[in-house]
Amino acid sequence: MKKLLAILLTGILAVGITACGNSAETASAKSEGYRTLDEIKESGTINIGVFSDKNPFGYVDENGTYQGYDVYFAERIGEDLGVEVNFVSTEAANRIEYLQTGKVDIILANFTVTDERKEEVDFALPYMNVALGVVSREDNEITSLDNWNKDDSIIVISGTTAETYLIENYPDIPLQKFDSYATAKEAFENGTSVAWENDNTEVIAFSLQNEGYTVGIPSLGSNDTIAPAVTKGNATLLDWINNEIEGLAAEKFFHADYEATLTDTYGSDYEESLVVEGGKTN
Amino acid sequence: MTELLQIENLTKKFDNQVILDGINLSIQKGEVLVLVGSSGCGKSTLLRCINGLEEIQNGTVKLEGKEVKYGDKNLPLIRQKIGMVFQSYELFPHLNVIDNLMLAPMKVQKRNKEEERKEAIELLRTVGLEEKAEQFPRQLSGGQKQRVAILRTLLMHPDILLFDEVTAALDPEMVREVLDVMLNLAKQGRTMIIVTHEMQFAKAVADRIVFIDDGKIAEEATPEQFFEQPKTERAKQFLNVFSFEKIKVNGI
Amino acid sequence: MNWEFIEKYLPMYREAAVLTVVIGSIGIAFAILIGLICAMVLYHKVPVAKHIVNGYVELSRNTPLLAQLFFLYYGFPKIGINLNAELCGVAGLAFLGGSYMSEAFRSGLEAVDKIQEESALSLGMTKYQVMKYVVLPEAISISIPAFIANIIFLLKETSVFSAISLMDLMFTAKDLIGLYYKTTESLFLLVIFYLLIILPVSVIGSLVERRLRYAGFGN
């Protein structure tokens, strides 16, 4: 009896802390959950969340160094702010959490702008175009999501727009969810599902880098953009980033970024469609 | 008189230490033998050797002509004829009293459950413990547990009973009730080997006293001879332990 | 607290709880079986087998479940063995749990006094009968606390199943947070469901422990 009581109390306590903790967090996020521009400059370091396994946008190479289209921009931010960049590896599903709890100052993890996400974080100007795409094996190419065979499943990564798109538009398609790019790609290569849906930029890169795969659906859903995100209310940092992006247009920074990090994968084919310069989409 | 147990030249070593050194002993049917000696002299070990619980380096133990050999595959069969009671009772804690009593007869001798139960209850009645039949060992006192332990061996209908200091762990009030059971068994003509420190009891129950000293039989005699006129020095020294000189005269 | 959200996604959590319990139970059942066999092998010092068991216990206890799952789910296909995620979950739990159960049972067996065995042998029981009617029952009752603790430990370990795409409770919570950003509500449901699963185990465990607590007191 005593033990039962003890466990019940622990449970109530746990739930209580969770509830309070979260409301406290959302309250403080508006006042102290983030670091202002000055605080960042003074500390000498900026924490930027990126992917460590989403080649070629954010990944760790064989020397243990962060590389990619997102990372290239992150490094420029550090340079221009005069601080060191501390790269924090994130998963798709925890990008917003990381901003809300102040674990990172900026998310540059290939983050697609959506209306729902705008309610949780503040987006800066975009630096990349993106839509969704589906990659499958060459010998079993998937070109449409209609009339889906219920015995087949699609791999998605938890917390991505691909996942949301399928849940809202094709709720009957069985999904195999993974929490990281690394494991999702492994599973896809092992053949547990017939297709993988993600940003079309990513699946195209995958098919180009790996033999035997083809992007049967190169553009799905709406045409979206990818932009840096900061904790809601962090106006000083947000303004600085926006000014930075506009200013970098003069040197065609993001074109240079593409050439430095993406040409190897895509060639020059996608440069004009992918890159967003000065925050201006066409 | 028939010879029930024959021990010849028994030698037992632990590592290189000699515990029993060439023991020769024979026990007749119906005889009550009491083994005495100081601690560590080997008397408990001797009992364990008789029951095949210890490996011996030399000699033989024969019960009705059949050899009791450590590790032998026939040992379980021979052991049915030998009943051993331990100082720590060793009742099975997960079974109640009646199940403790019936376990071996049922599983080993495959006896009829109904008859077995009747016999067990009857035995419990003889020691006044029949209301404890459904209780568990942890609910019994030390004396009660030991009496149940004795009954447990009796139910296997053994030919010889071995008692290894069975009252040494009991409070004085309970010692008597156990000794009374043993006295009764002796009166019934059972063959028994008893290791004990209870000298008055030994005097009353034994047909023969065997005094073991340093792994050898130092003296063997009737109780009267042993206690009144011990022959060997060692026996005299041993018995002195149990007598006290009066230290006060007329209350001063 | 958004109660509509909680109402809408309660079924998802329920499904996840069922998955957690089903895979957990099957895995734990195998772990118990493996544990009993290994404990007996070690207790009876079976030649050759005891070395295999020792090797298994060391390997299993010194690698985390996550590593074992990765090995099964992502590694095996490379050598042609394709196991689905559920099977990997069961196998991982059985592999990891087996060594923990083995240790619990083994210490239970070794805690049974030798003299208990001797008194049973003295009654004429064979070694097999002694093991079956005396030693094993006592050993199991001694092992109960460790046994229950292991079950609860293994149930909680299922939280790493997200790594192999199994929609258990933890992954469901993470996924919903990633999709709808309702952290409080998602975590609230998570805690409630974990309690719903583990509390009964703990309570039943206490009851069983109390009923079987005879070993060691009987003498």
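For clarity, chains are labelled A, B and C in written order, and residue numbers in each chain start from 1.
The definition used in the following text is that a residue touches a chain if its C-beta (ideal position, glycine included) is under 8 Å from a C-beta of that chain, and two chains touch if they have at least 3 such contacts.
Quick caveat: nothing in here was measured; it's all calculated off a predicted structure.
Viewed as a contact network, the protein chains form an open path, each link joining two chains that touch. Of all chains shown, C has the CA centroid lying nearest to the centroid of every protein CA atom. Among the other chains, A has the CA centre that is most remote from the centre of chain B. Centres computed as Cα averages put chain A at a distance of 36 Å from chain C. Work out the mean CA point of chain B and of chain C, and you get 46 Å between them. If you average the CA atoms of chain A and of chain B, the two centres end up 82 Å from each other.
Partner chain C is touched in their complex by these residues of chain A: 3-4, 7-8, 11, 14-15, 18-19, 22-23, 92-94, 96-97, 100, 116-117, 119-120, 158-159, 163-164, 167, 176-179, 183, 186-187, 190-192. Against chain A, the residues of chain C that register as touching in their complex are 1, 73-74, 77-78, 82, 84-85, 162-165, 167, 171, 174-175, 177-181, 183-184, 187-188, 191-192, 195, 199, 202-203, 206. Residues 115-116, 118-126, 129, 133-134, 137-138, 141, 212, 214-219 of chain C are the ones touching chain B in the complex. Residue ranges on chain B touching chain C, taken from their complex, read 51, 53, 75-77, 79-80, 82-84, 86, 88-94, 103-104, 107-109, 136-138, 145, 149, 152-153, 156.
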